[in-house]
Amino acid sequence: MTVATNLAPSEPRRQAAAPAIESRRGSPFMNPYLAGIGLGLVLLSAFFIMGRGLGASGAFSSATAVVVEKVAPEHARANDFYLGYLESGLDGHTMKSWLVFEVLGVLMGGFFSGALAGRLSPTVDKGPRISIRGRLAFAFAGGILMGVGAKFARGCTSGQALSGGALLNVGSWAFMIMVFAGAYALAFFVRRQWI
Amino acid sequence: MMAPFFKYDLFGDEFSLIVAVLIGFGFGFFLERAGFGSARKLTAQFYLIDLAVFKVMFTAIVTAMLGVFYLSWMGFLDLSLVYLSTTYLVPQLLGGALLGFGFVVGGYCPGTSVVGMATGRVDALVYGAGLMAGIFVFGEAYPFIEGFMYSTDMGTITLPQLFGVPYGLVMLVIVLIALLGFWAAPSIERYFRNKLTEEV
Amino acid sequence: MSKSRPPWKWNWIFAAVAVVLAAVSVGGDPYRGHVVTLNTKELGMIVDAKVDHVTAEELADRLIQGRTDQRILDLREPTSYAEYHIPSAENVVLGDLVDYPLYRNEQIILYSDGGIHSAQAWFLLRAQGFPGVYMLLGGLDAWKDEVLFPSLPAGADPELIAEFDRLVQVSQFFGGSPRQGSGEDFTATPVQMPTVEPPSQVPVARKKKKHKEGC
């Protein structure tokens, strides 16, 4: 009990500190460990049923390849990168691929959970010290960096870090360390966007 | 030993797409539950004021890792049939760093941006457009960097193979690192939130 | 503490479970390696039911129809493979077979010169849990006799001649040459094997599959 009394003086200060990032509307977020176990079981069932992990950036790649093919069919077909995605769909339909359908599921699952918690609303998510226009510009720029990075790494946080991480894939762990290193290295310079 | 079901041809390609939607649904559901439809929540990880990303990610990795191990060990799952991507070390290190930059600048990763879009985040939508633009840039550059993309090929290799230690030992180390992180997380979060309050 | 959060003690239970599970597994290896268990009864029944093979004619029909949903594996030595192989066949020697990239949901057709190597390979793959494995009945010898160089014995009845016309077309499709007559003519004509296409590449179907699994 002496421990408790020792802690007591710091209590008011802790009250004054910035709160955890909580849900701005609707019910509070789930215990992260519980959500992590849920996510882990979803990943495990993907391994068990499909023999593959989760992914996300692949679906964006398929979509990009389709757009490029619509605009310049020959150009797209001459490029091995686009061609790989164009030919990977079922029955010759590029968008009829596993990852595209999985991402559709993500969209539905996210919507369902958001609706359940009352967290659906058109907003721009940002810190108090940046304009909406500024935030959107950063979002676009970040997307470009992410797109290039995900393709260099042959996967994103879901495909490499999460799926490969659980399978103890060497490349995935090397990748994961670099993701955190890169993000922490740049975090200071874009802090006005978030805090 | 009948799993992975798909690789044993227990169902076809068409049905696999239905499975894809269901698995994706679960994925999106738990991401949103954890609050990962919000870029602020995600990037708080990089200012150490909310370590939810680390907590959720490592709990998920540990859960799936132990699950895969025990299902294989008990003979239900043939792990050699589970897709393991090839390691190309240098491209992956470079990609990881770029992705880290993109994460803290854009606020999402591709998977969480989809959840952001689903819950009405406009910035997630713009981010998704940027993502496709980035993939386009990569695609256009691909013919010139194809050689680099296939450099430092280490084959399909796992950490236990790399270090020459038992699979289970690597798992134990990862579990202990994760738990150490979870144990330290509240103190770290409190320290940096206090610091932030003093600054602002 | 808001009520939707479980009590913190749950986190401790999860942590304890993870540590125990990881500690128990130390030293374990989840990869099965090359050790398999066999259901000998089931294998025996498959052999009995004679559903473990395709005939040369059936294979020829498949290829003429342009079907690509099968993998044809040539189990002979690379030198023999280079001289001639059935179109779209891939060369795998028996020793490399267990590590050769194949999918459980593919139809795999095996052939060697006669039948011994393909029968051995058939057992290896069945033991590894590949359901769709078939042997080319009679091996490449049968392929030569029935598809490439079909023969019409002298004095055949009209029905047989009509059938032979069809065989001639099949034979020509694969670059063979039908033989007519009998007895001594037969062996006198040196058999000219069709020239071989450049060694077949990795089939497109497999490449696609690989790509689909990445992120």
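Here the chain labels run A, B and C in written order, and each chain numbers its own residues starting at 1.
Note that contacts are C-beta pairs under 8 Å (C-beta built on N, C-alpha and C of every residue); 3 or more make two chains touch, one makes a residue touch a chain.
This structure is a prediction, so every number in the text was calculated from the model and none was measured.
Chain closest to the overall centre, judged by the mean of its C-alpha atoms against the mean of all protein C-alpha atoms: B. C-beta contact counts were set side by side for A-C and A-B; A-B has more. Per-chain CA centroids place subunit B at a distance of 37 Å from subunit C.
Per-chain CA centroids place subunit A at a distance of 41 Å from subunit C. Averaged C-alpha coordinates put the centre of subunit A at 8 Å from the centre of subunit B. Counting partners per residue, subunit A has 30, 33, 37, 52-53, 56-57, 98-99, 150, 154-156, 158-160 as the residues that reach two or more other chains.
The multi-chain contact residues of subunit B, meaning those touching 2 or more other chains, are 6-7, 59, 62, 68, 81, 83, 85, 160, 167, 171, 174, 182. Multi-chain contact residues of subunit C (touching two or more other chains): 11, 14, 213-215. Remark: subunit B residues 1, 6-9, 59, 62, 66, 68-70, 72-73, 78-81, 83, 85, 160, 166-169, 171-172, 174-176, 178-179, 182 touch subunit C in the complex. Here subunit A touches subunit C in the complex through residues 27-28, 30-31, 33-34, 37, 52-53, 55-58, 84-85, 87-88, 97-99, 150, 154-156, 158-160, 163, going by the rule given at the top.
Contacts from subunit C toward subunit A in the complex involve residues 2, 4-6, 10-11, 14, 204, 208, 211-215.
For subunit C in complex with subunit B, the residues that touch the partner chain are 11, 14-15, 18-19, 21-32, 37, 103-105, 129, 131-132, 213-215.
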